[in-house]
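Each of the next two complexes has subunit A plus one more chain, namely subunit B in the first and subunit C in the second.
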Partner chain A sequence: MLNYSETQDDMILVLEIAEQRLEASNAPDLRDLLVGRIENGSDQIVLDLRQVTFMDSSALGALIGGVKKMRGLGTLALSGANGPVLQLLKLTRMDKVFPLYPSISDAVAEMKG
Partner chain B sequence: MEPTPAKTCWSLERDLYQVQSVAIPVKTYAMQFLNDDDAAAVELALVEAVTNAIKHGSINGRDTGQITVTAQVFDDRFVVEVVDHVPVLPQAALDRARNRGAAFNIDNVAALDESGRGVSLMVLVMDEIILSTANDKYVLSMVKYIS
Partner chain C sequence: MNIRNTLAVLFMAFGLTLAALLVPQVLESNRTYTSTNDQIVVDQARNDVFEAVLALRKGRTALTLLAMRGEAGIGLRDDLAAAVMFLNRAAQTFAMSENAVLRQLSDPLAQQADRLSDNAVDFANITALGDAEAIAAALVMQQQLFVEVQHETLLVRQQILQEVGIPDTVMGALQMMRNYILSVSNALNDDLVLAAPNGPDGNRIGLRQVQSSVDRMTTINQFYSDIASAYRPDTIMVALDLAAYLDSTYLPTLNNYVAAVSGNGNLTAAQRDWATTVNDADLLVNQTTARLFAMSQAHLTSEREEARRMLNMMLILTAFVVVMFGLSLYLVTQHIVRPLTYVQLKINDIAAGHLDPIIRKKLLLRDLDTVFDALRALRISSRRREMLTADRLALNEHIVEAHGILRSEVDAAAKVQLSLLPRPERVGHIRFSSLFQPSSVVAGDTYDFINLSDTRVGLFQIDVAGHGAAAGLVSMAAHISARRALRGIKPDINLAQSVQTMNAHWSPELTYFTALFVEFDATSRVARLVQAGHPHPVLMRKDGKVLRIGQGGLPIGVVDGAVFDMIEFDFDYGDRLLVFSDGIYENFNSEGEIYSEERLVQLLQDNASCSTADLVEVIKSSVVSWNKAGVPSDDVSLVIAERI
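Showing the complex of A and B:
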């Protein structure tokens, strides 16, 4: 089970993860969440990771599952990544795959153009 | 001869939900000797190793009881070991990760794999990784130098 909240800001879906850890035990739920929202028509998504203090390769795989589901037709952005989570994204070069923003408001402002 | 430093031990069942019950205390222990980044590296490598052991040990129908994790501090290094009745990871996977080096290819997003980064991450964030056997058990030793 994955704890999160979601809000809609115009065309942008904001998913705030309310977990301290994203790892193999909850990565399938994260993938299902992302893929499900994309299948339901969301193509502008901000995934907020502000509360996440640890992420492993399984969770990275879930994020990749989401961005691949977009098929380049939308945006899956990450906000609030910090500490070891941000380190992991940079180490695996995922900072080149996902747009990163310091906060939800920064992400939404940029995506609204 | 210097005495061998004592080992601190934890055990966990083969359950992905239990990984953090070992990862968090090991990181907390590592933070006494390593800086925050290095302690985070130990936590990441440990989670990847234990997750690999749980997933692949179970897949092959060799679910053989608890996994043991130990931590040991020497003058110049922090050593965390994962001890299991089945191989924690195949030597070939470790060799492939070493040969692949630090490069994660992200040029073609559509071709990105959703899995298969765990062992590469372990190699990347730790200073040494050694697979061995002892007392009929498989041991994965991961070393972080104390700077």
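Showing the complex of A and C:
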């Protein structure tokens, strides 16, 4: 069970995660969500992590699974990452894998640009 | 109260009600039949008694005339014989009656008959002797006897009436007719005596009495004619001939005769005419009596037939009701109560788990067929459920067995994994201590430290995302790759390059993992570090200074051609390097509060002066006690390398 909201802004799909923790218990749902949307043809995705305060390696694995599914044919961007989440992303150099933006609007503006 | 008892009570009540309704009806019909049967016999006796009375009256008249004229009465002998015969026959009939009162009438009648017979013999003897005086005396006595016998017989007739009564209106009318005949007969006989010439009291007195007798007969005739016209004319019709004859012929002729005696008209002719009418009237009286008897017999016979028909009908009805009652009883017990009892029994059986086949008999009622169908469906579903339960139990057994096998396989894998982990020991110039606490049997974490050359020692730690068998197997594969990477360091291939090769060769089919590689060099008193997504290690200087080192890096298996950075730092005597996976600080307590890196660093700063062994204990107790259940949510692994 993963709580999130979904909005389509032009070609860009925005998935706003409404969970405080992304961990082993909901990581498979996150992976399924991302893989499902990509298989349905979404190639411009912004995943907003503003509300997430903790993310473990399983959730990171789900994000990596999403990127691998995209195979460089599209963009999976992260926005709003902060605190421990941002630390984890930096520790694991995920800025090299995902474009990181401070907010959804920044991400959308950049991706439309 | 169950169905069986309720139906038993209902049927008993129903049966008793039917019996209470039918039995009196049958008995009543039977009684009517028997009583009409009796009435027929009684009527015969009655008629005999009546005929006897008429015969006696005529006999008396004959005797009177004999006494008056001295000539033998022509009809006397016949009248006497008739009276005796009728009396005897009536006596015989009564003797056979079942009614005690009627039976008692038999003897008196027989006695009267005997008296008449005996007297007739005496009288014949006296007459044969020819003594005129004796004959006259005998005549008087015989007259007296006839009067007495007639009186007694009439008394018997009265008793019969009292005992038997009049059964219906038709018989009532016929009884009245007989009384009428009796009256007419009396009047005729009186006329014969009174109007006879040379009578004992002389013609004048006789004529006066005849006149009054005529008046009386007229009155009687009128009376019964009125009744005849108003009341049951069909029955009284039989007497009308007599009445009409008396009215139209007898009375005028008698009047003529009376007038002739007074000197008006031809006396001889009038007397002859009257004598003829007396004979005719007497003949009519006899005929009417016979017709009345025939009528009463016919009426009673038809009544008896009616009673018999009614009795038969009641018997048939009773038989029908009994058969219907028996049939309903049979139907209800055999085709309702018994099947229902059986169904009840079977349901109890099914509830108790006895699923014997259901025996189905031929049933008359379709509703019960449905009940039996439902019962069968119930049994089949119970049977199916039983089989399902058996299947489930068998499946459960399989699962337990499979789980046991799986468990032993996982245990075997865990043993292999544990065998990969080195014991705390000194390798070259480095002493290694460790803390390892998997969160499940097989861990996603692993580590190793190996001697690379005389002066160099290698260390790596790996954390495969997740834990359990899958993560454990990947971690073992990663372990082997990491050992190869450390051994792959050559003069022209540094640690970072070796890790790059490892990353490039890591199968995309396998999960990514984080890792930390360290190469300790005794000669230059430095250490080189490659951080692949793993937490920053903690460097504790000999002087107690605690710092985090490393600049982060991509995990292994995320990006194909990833480039890894290598940092070099001083690592001299007494320095300690703490390498750990995120499980050590990503541990949540029951309030959902994370242990955190900050808390760990603080703990290390607070205990910087501790020996390595004590430090391991401090960390262990702090981390483990954070989670009250004592089971960390992720693998906890820590390796401390100390330069000695």
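List of remarks:
Operating definition for what follows: the second predicted complex is superposed on the first by the 113 of 113 C-alpha atoms of A that agree within 3 Å, B and C clash if a C-alpha of one lies under 4 Å from a C-alpha of the other, contacts with A are read in each partner's own complex, and residues count from 1 in each chain.
One rule holds for everything that comes next: a contact is a pair of C-beta atoms (placed from the backbone, for glycine too) under 8 Å apart; a residue touches a chain by one contact, two chains touch by 3 or more.
This is a predicted model, so every value here is computed, not measured.
Aligning the two structures on subunit A places subunit B and subunit C in clashing positions. Looking at the shared chain after the overlay, A:103 reaches neither subunit B nor subunit C. Residue contacts after overlaying the shared chain place A:57 against subunit B and subunit C alike.
Legend: residue contacts after superposition of the two complexes on their common chain; A:83 is shown touching subunit B, with no touch to subunit C.
Judged by the number of subunit A residues each one touches, B leads among subunit B and subunit C. After overlaying the two complexes on the shared chain, residue contacts for A:71 are found with subunit B alone; subunit C is out of touch. In the three-chain superposition model, subunit A touches both subunit B and subunit C at residues 24, 54, 56-58, 60-61, 64, 67-68, 91-94, 96-97. Across the complex, subunit C is touched by residues 24, 54, 56-58, 60-61, 64, 67-68, 90-94, 96-97 of subunit A.
On subunit B, the positions that touch subunit A within their shared complex are 16-17, 19-20, 23, 37, 40, 43-44, 47-48, 51, 54-55, 104, 106, 109-110, 112-115, 117-118, 121, 124-125. Considering their complex, residues 463, 465-466, 508, 511-512, 514, 531, 533-536, 552-555, 558-559, 562, 582, 586, 594, 633-634 of subunit C touch subunit A.
Interface residues of subunit A, counted against subunit B in their complex, comprise 21, 23-25, 31, 54, 56-58, 60-62, 64-65, 67-68, 71-72, 83-84, 87-88, 91-94, 96-97.
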